[in-house]
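Next come the structures, one after another.
In the two assemblies presented below, chain A is common to both, partnered first by chain B and then by chain C.
So, the complex of A and B:
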């Protein structure tokens, strides 16, 4: 290997005074070192270029064309983006994705944090382990299965949820048959699915909080709630940022759960951004227009990720 | 020495390239295999089940026919990505919504030039595969007619002696059932636009309406006939003949509720007959209801010849071979559809034989570029009508506006 970490021997440079700084010759070695680093990175860079950068670049190009996948793309300039501005279907999908995100992200974050805190502080035993495992099962379950099971549970006339509500005198609710309730229900099922994943992240973060802090605060008379607000929550700030950002990105990318539970209905009331992209590209065969939608999604996700980096880099 | 090495290498490379090119040219003249893409039908669900059907053709022509079974889920996606990636079929089965788009994009080759040179059987439904007088597709599976089933026991409970035959009689029977505390009917209004085959198109045609103008350049459902069909649907919903829950039901829900004897009427495909007939109640069949006409939907999935086929005559021969009565007889053993050619044996449930003999009862979806987008927007707007968010007139007008725009885009 060319890679080397050997330092360059100090040699007197002609013309340099003994008392002055000795100018060494590190440049060639530095270049060699950086090239060797590039060699190590190259496989990853190639993979990134092929599976991420190139598709984004191609999508950006196709977004400027009229393209159906079967024919040759025809240059259309910014027309697709102009059309998006007046596309009520796209605006509806954007709004519904936003509402879905606003419901699911805060809820899954808070619930995961609270449950993780209870398990970490009060239930470090087999029962706590059981709860963690039980809540993690939905994370690994297939979305299509989850969608089918919840469709069954939320059945209007003979679903388990309405049967239970009927016991306390609440009339049948058409959960998936009304646009408003369908979107809320899908967001809540998402919370149920994601909570186990974020709980594990929070739990791992809590194990890193020094026990001394809790012991010292106990001596000062702080109770569990006070410890949660004054020690746990501040200590987990970076983890919370991660959970919120990941949750937000996932929410903007939601597709399969909605597809399995409502198919975007009723009346388009649960069509999300990715579903709109899918329908436009694969069913309506307007790949150029779908690419423009995808670029908008890309910009949103990029901005969310960028915000995360900025916020996490702050001391 | 240094100069001769590149020259020798160059000469060798050129020789190898020329040899390879010659070999390639030789292979072009002889097709060794064809790719055939099909979906599962009935109990015919594995590619290997086509082996005995195709064996004689493979032997006669000395080629392999590679059958790829494409699941119905993401069917269009598989074709689109396969063909774009150069891995598509030479011959494949498409439905009308797909055929229109692929034809408009120049991905399909008409059969006209090649069919006369084939030993083609006497087809019954060739018109279902024609666009502007060209034979773009050859129907393979024509069936799945949408009919109205009823549970005779529940009708008797409600004091209904004669099953309804017209829209008005159906509404009256529905009210009687509702008043007797029986669920009159259910429809699936959640899911893919395919549900409109059950829920809307038959009513549109029964009202005397059409989906598209004759040249396929614009929608035609926003008409007095279309509004009458939409109003009939709304009347079913508004008078609680259809429950509020229909907006959340998928086809599986509706079918299982009917099979379990919980619903008096069900609009559905003839393919469900064996399941319903095995139910613990007396099953009745009305066929299509009568409005202005008695027409109903029929599926007409057809074989198409893709642009990439290396030998179009051979591909057409494959199509005529598959659709010939002997091969179809084997196919229909596991997928009992009515015959597609004259003289072929009828193997579908006998109760439908007389109905299938009346070809004027049936409409397939027309082959129109951009029709998928039209059906998507029609479904969304009709769902909004069933939710009570739009009147029948508003729903059809909005669907027509979006639909016409989609057709214009697709047909540019």
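So, the complex of A and C:
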């Protein structure tokens, strides 16, 4: 399955350079055939138009209005964007989303890479398979459920985390009670959840590295660590790129975990960009202002994934 | 000798990682099946009971939430499969003038996060009178990712095969259903598994479009428990357990499909 995907991915879009049977047919027939594909596309075109394309346009429009859901949107020009610049709450949310990303993305990338390398180089057996399966379990659980389970485990009095730390003499830390530690803890729980996902992506990438490279370097006397730095890491550069981009995009979209773990608190210390959008739009009913925030999120995510597309297609 | 020590250290470290990954779930279940109103690590067999689960179903409508989630998930999977595979067929095997450009538009829509469109989408759903309905819940689950994934695999089906069937007199739709679909079954299953988990675990969108408690999904019901009972940990963890159980069981049965799906995302670039 993996092999198929790789070859297919590099193929041009079929039909673009097709030759042979199609061209030999009578012209009328070609035309009939060539547009019949559109019919198959219709259901998905309609859904995407209603769910994504129209809403993006509407979002852009609403972001230029005052809209409270009660009346009609009132044109406001760039007012909302101007307000965003001086809005300390929004600036705080942006900063916290940034900090959360900077903590979680490098950590989950490095850990997933190292664990995948250990399993792929040393444990290509049942034990390795078991570890991959087990580490994948946090991936399949809903973020909001993980949030409430960790909130419970981090509970101050006798929670699991404090009890374990108590064994080494660290006394009850109020993990979610301080803004700084709460943000760090939320980022660490994200790492805990994402490792299994990126581990699988890395592992698949590692199976594509030719075994000869490792054999040759072994003959030259290179050890495991040396091989990791000189063969594994460089060969996986495109995969690392994907993992970092995906992780960054996900970070900027975080909501469920924060909602369940801290509700944005304490004192707004864990409010992220999407939580700010949700609160502004659905709690305060400022749909126009919330749409302006959504457009900021759109631009960030679009730029990040666009960079990925451009850099990867250049390869 | 040294090699052996390294091996043992590495294996121990990996086992510790496994413990770290699974321990929270173990405590979730343990807390759910115990009589506990406080956070407690003590496991007392005498306190074992299923009272929390009974309360979930009798007082907090978890039975109904399970049905809603099941309906939503099945609908989402079927609609996504049909819509995406038809579109992928058009892109892979029935190109028309402009289809290449249109495919790029599809890829571009994959870069739009749901959170960006949530406000207008909420207004559209409200104006269509779909708030508090399963249809509203499945809408944002259908996206271009399925089309993209299936198209990749369909391109590997040889054109000669379709041409041969065409010469035998088979119509397009028949070729699609009888030849192409069976050949790409693995990716169809992988997409189904993905859609399933996404739909089951979805939270922000249900939170926005479902206000009626009789229409809430399991995830939503579990999260609302926490909001209501910050200290009734047994009940909250029982709710989390119920919500987690379905994806977990599916994972146990279809592990390889999950891994294939994730791995192919990695390679698609």
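We adopt the following convention: the second predicted complex is superposed on the first by the 260 of 315 C-alpha atoms of A that agree within 3 Å, B and C clash if a C-alpha of one lies under 4 Å from a C-alpha of the other, contacts with A are read in each partner's own complex, and residues count from 1 in each chain.
In this text, a contact is a pair of C-beta atoms (placed from the backbone, for glycine too) under 8 Å apart; a residue touches a chain by one contact, two chains touch by 3 or more.
None of these values were measured; they are calculated from a predicted model.
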| item | value |
| --- | --- |
| Partner chain(s) touched by A:282 [first = chain B, second = chain C, both, neither] | both |
| Partner chain(s) touched by A:92 [first = chain B, second = chain C, both, neither] | neither |
| Touched partner set for A:235, first chain B, second chain C, both or neither | neither |
| A:176 touches, of chain B and chain C: first, second, both or neither? | first |
| Contacts of A:266 with chain B and chain C, given as first, second, both or neither | first |
| Which of chain B and chain C A:307 touches, first, second, both or neither | neither |
| First (chain B), second (chain C), both or neither touched by A:79 | neither |
| Which superposed partner A:155 touches (first chain B, second chain C, both, neither) | both |
| Per-residue touch tally on chain A - higher for chain B or for chain C | C |
| Which superposed partner A:43 touches (first chain B, second chain C, both, neither) | second |
| Overlapping contact positions on chain A, where the chain C interface meets the chain B interface | 151, 155, 157, 282 |
| Parts of chain B lying in touch with chain A, wherever the complex brings them together | 76-77, 80, 83-84, 101-102, 105-107, 189-192, 243-250, 253, 370, 372-373, 376, 379-381, 383-384, 386-387, 389, 402, 406, 409-410, 412 |
| Chain B-facing residues of chain A, complex | 66, 68-71, 89, 151, 154-157, 172, 174-179, 182, 262-263, 265-268, 279, 282-286 |
| Complex contacts: residues of chain A adjacent to chain C | 1-2, 4-9, 11, 13-16, 18, 21, 33-41, 43-45, 47-48, 50-56, 58-59, 62, 115, 118-119, 122-123, 127, 130-138, 140-146, 148-153, 155, 157-160, 163, 192, 195-197, 200-205, 238-239, 242-243, 249, 252-253, 255-256, 259-260, 274, 277-278, 281-282, 287, 290-291, 294-295, 297-298, 301-302, 305-306, 309, 312 |
| In the complex with chain A, residue positions of chain C that touch it | 7, 10-11, 14, 17-18, 20-25, 27-28, 31, 38-41, 82-84, 86-87, 89-97, 99-100, 102-103, 106-107, 109-124, 139-140, 142-144, 147, 152-153, 155-156, 159, 163, 172, 176, 186, 197, 200-201, 203-204, 208, 219, 222-223, 226, 233, 236-237, 240, 243-244, 247-248, 250-251, 255, 258-260, 262-269 |
